[in-house]
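You will see chain A twice below: alongside chain B first, and alongside chain C after that.
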Partner chain A sequence: MSPRKKKIVLGILGALILILAAEIIGRLGLAGKAWPAPTDAISSVLGNKLSRALLFRSLGATLASAGTGLVIGSVVGMAVGFLGFLLPVLRAGLDQTASILNTIPLVALAPLLIALVGPQGMSVLTAALGSGFAMFVATASGLLAVSPAHADFFKVSGSSRLQQVIRLSLPSAVPSLLGGLTLAGSGAVLGAVLGEWFGAPMGLGVLMISSMQNFQVKLLFVVALTAALVSLLAFYAMAAIQKMVGRRFS
Partner chain B sequence: MSASGISLDRVEKTFSLEKNNTFTALKDVTLNVAQGEFLALLGPSGCGKSTILRMVAGLEQPTAGELAVNGLEPQELVNGHRLGVAFQDHALLPWLTVFQNVALPYQLAKRPVDETRIGELLELVGLARFRDAFPRQLSGGMRQRASIARSLVLKPEVLLLDEPFGALDAVTRRKMNLELARIWAEERTTTVLVTHDVEEAVFLAQRVVVLAANPGRIRHEEVLSFDTARTEGLERTDEFHHVVDRLTRMLDAS
Partner chain C sequence: MTKETSLPARILTLGWPILALLVIWELVADLNGYTDLLLPRPFGVASYVFNNLAKFAEPTLVTVALAVPGTLLGLTVGCILAILVWYSSILDGLITPTTSVLQAVPVVAMLPVIGRLVGYNEITVIVIVMLLSFFPTFVLVLGRLRQVNGSSEDVFRALGAGRWNTLLRLLIPQAVPGLLAAVRMTAPFSIGAVILAQYLLSIGGLGQLITDSIVRSDTVTVWAIACITSIVSIIVFALTKRLEDRVAVHFK
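== the complex of A and B ==
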């Protein structure tokens, strides 16, 4: 068995053991009523037409916010990163501002943000924040990841600064940007779910809050599972893009 | 100072280290390379031979002394796109094909891409079949040949080779040297080759300058005038071995 295969098998095995443990705890009621058996939760939520429709509608809303936020966050993050690259005077300041913005807990920032965009706009904004920082860092570091030999070649070829940016710095940043995208993809999904807690009309986050308040434990469990799966899926989708495109640039 | 070729007049290069310490990489280097000459700079690592090349390419500035290439500052030559450099690390762009890499100097010089010239050069370096391949699909020797084709594409007035075959195995390296000699015989560009390989220097160059380290300085100059052409077989002549032995002993002693 190749090391890669072994890793995959071990990963699946680990996940199965965890699910099995959760199942046993749920079946035996070891953790009380708040811990349903996973199979029971999934079958009862997906088996019910109403709750199934509700889940998929919420998922659609969350995906829409996450996608919009990913696009906005990526564009803004890359633009700010590029600005810092073009104007080195701004670089240190932008780095610090972005880090501070990223370190402040969202809960502390939330009232200010709600006042800014309203509760409906929160999920897109938090998704954009979640993905924007990753893309900013990826852009800022990627544009500086030019190999010294390539830089020497462009210098001795009598190239202009503009040519160096377009023909060398930007392509050199592609692997880093793709790496950032894998983080930004899952970050956008988590950001969107979190943002929905602050009063969005619909979405997985809304469903989490309502099922928690109504003690619909099985629904809550399935919603959380869906959010995690979608986030994982976003990560692997971006990783696949990275693998396809990135090979050419590194 | 002659207006053609490369001239270094009492060139010195010091690098500043931390705490006001300085390191003298080169001291009192006076050197002339005639137009159309192939000169090899031979020396142990740390003797500043690459620094000389980087100064001629305008990548470093001499601390003292005069340096001119065809009567100009290196930067002027660079700005006129009249310099070709092949680096130890091939420095091909991984996202471009062989053809696109070799065409890049035209684009950087804002000149129309001469596809015929590129085709001929790729033929010359034996990569005609690989024009659409990416660098990662090529062997180390092929990448270096592509890099040399790129350095020659604009018909530069001066060609600088910084251990272009340094990372290759001995067999490939010998093959590359044969090819380089053949290419040079066709192009006849003023060339400076930096190497620590004695046989490579003696095989390719018309003149070998041996450098000593700490501080880097010129130790010996050897004009080579073999009767044989620079092709297969030269390395097996007594005369060749004689020169190689002598220069090797000189390197060992320094």
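== the complex of A and C ==
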């Protein structure tokens, strides 16, 4: 067997062992009532018309807020990053504040954010915060990632500052922006789910809390699985875009 | 930044957005004529904290203390697994792909599941924090263990060092910066995760104080907690960053 093939086989085997272990623990009840067998949980939730509709409606709501938040967060993050690039006086302060804001836990700001946008707007806002930081960092570092040779060439050719920004800095920032987007995508999903814990009317986060409180372990399990899958998909979809587009710019 | 710049100038260049936030906060409250019940002013919040230190000190300590065991566990398990995976190519094949996929799962969002599974108690918090710090530790430490450094490894091989000897004397010291980076990346967020868990499951600490204060419409306390948490996270971030900067140099 070639090493590459061996790697793939082992990888699949590892994932299977994990899934099988989860199934056996559930079937034998080794972890108590709160750990359902995955196959049982999935079939019973998807098999029931009501719970299936509920799951998909919640998924739609979460995707909508994550998407809106991603767009808002990306635009604001890139705008602030660009501002720091245009006005270098502000850069040190912006960098510092962005990394500080990023370490402040969401829950601490939650009451204030709710006061700002109301519980309905929370998931969009937290999704925007989750993705905005990644995009800010990507923009700020990407715009500076100009190759010195190119910069010299632009200077020697007598280009204006505007031309330099549009034709050199912006294209040079694309790979970094795409890298930021892979983080921003899953960050937005996480942000949306967490934001929904603070009184949103519906969404995966709401369903998670209500099924936790009502001891609907199968539903809870499936909702958590859905949230994890969505966040994985967001990550890998962005990574695929990065690979496709990035090749042209690297 | 040169050393000649004066302190006020440094504070201004680095901290202008924070000063701006404080001014906006004050202005919003003043211009709209908000009462303290709706939007307490910065000075009011600060003096409230100083006058009620006991009220905030205990929950803050509880929250910070709860972040420690989980973080340590996550770091330990991450390191051990990274070493095992480095040592055995079969384990590597079995564990690494799944772990790198699972790494993208939002751990904090799994709080309700862990809470249901483990119970509404501190152990849930420890498990969440452990998971939070486990993944970055595993990935970063493994990355450093695998980093090729031809000449040093050649020396070890030429002198007839065994695998464990190479690991102990060459690769583990080489992995220390990876571990420190993991600490810096996860420690500030583990504080947030603890508060979130305490909020959601109502199990004491700053998290429960938030819930209780919202119920009582105690806006000043809510704002005070927001400020305290922010400051604590920033301190943790600064300390871990400094630790990384100071110690990592010796291992590079």
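Everything below uses one rule, namely that the second predicted complex is superposed on the first by the 238 of 250 C-alpha atoms of A that agree within 3 Å, B and C clash if a C-alpha of one lies under 4 Å from a C-alpha of the other, contacts with A are read in each partner's own complex, and residues count from 1 in each chain.
The definition used in the following text is that contacts are C-beta pairs under 8 Å (C-beta built on N, C-alpha and C of every residue); 3 or more make two chains touch, one makes a residue touch a chain.
Because the structure is predicted, anything quoted here is derived from the model rather than measured.
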item	value
Superposition on chain A - do chain B and chain C clash or fit	fit
Which superposed partner A:Ala31 touches (first chain B, second chain C, both, neither)	second
First, second, both or neither for A:Phe249, with chain B first and chain C second	first
Contacts of A:Pro171 with chain B and chain C, given as first, second, both or neither	first
Chain B versus chain C as contact partner of A:Gly47, first or second or both or neither	neither
Partner chain in contact with A:Pro88 - chain B first, chain C second, else both or neither	neither
First, second, both or neither for A:Trp197, with chain B first and chain C second	second
Partner chain(s) touched by A:His150 [first = chain B, second = chain C, both, neither]	first
First (chain B), second (chain C), both or neither touched by A:Phe215	second
Touched partner set for A:Ala227, first chain B, second chain C, both or neither	second
If touched residues of chain A are counted for chain B and for chain C, the larger one	C
Minimum distance between Cα atoms of chain B and chain C in the superposition (Å)	13
Footprint of chain A on chain B - complex, ascending	57-59, 78-81, 83, 85, 87, 89-91, 93-95, 104-105, 107-109, 134, 160
Contact set on chain A toward chain B in their complex	147, 149-150, 152-159, 163, 167-168, 171, 174, 248-250
Of chain A, residues touching chain C in the complex	6-7, 9-11, 13-15, 17-18, 31-32, 34-35, 89-90, 92-94, 96-97, 99-100, 103-112, 115, 186, 189-190, 193-194, 197, 205, 208-209, 211-212, 215, 217, 220-221, 224, 227-228, 231-232, 235-236
Touching residues (chain side chain C, partner chain A) in the complex	1, 13-18, 39, 90, 92-98, 101, 104-106, 108-110, 112-113, 115-117, 188-189, 191-193, 195-196, 199-200, 206-207, 210, 214, 222-223, 225-226, 229-230, 233-234, 236-237
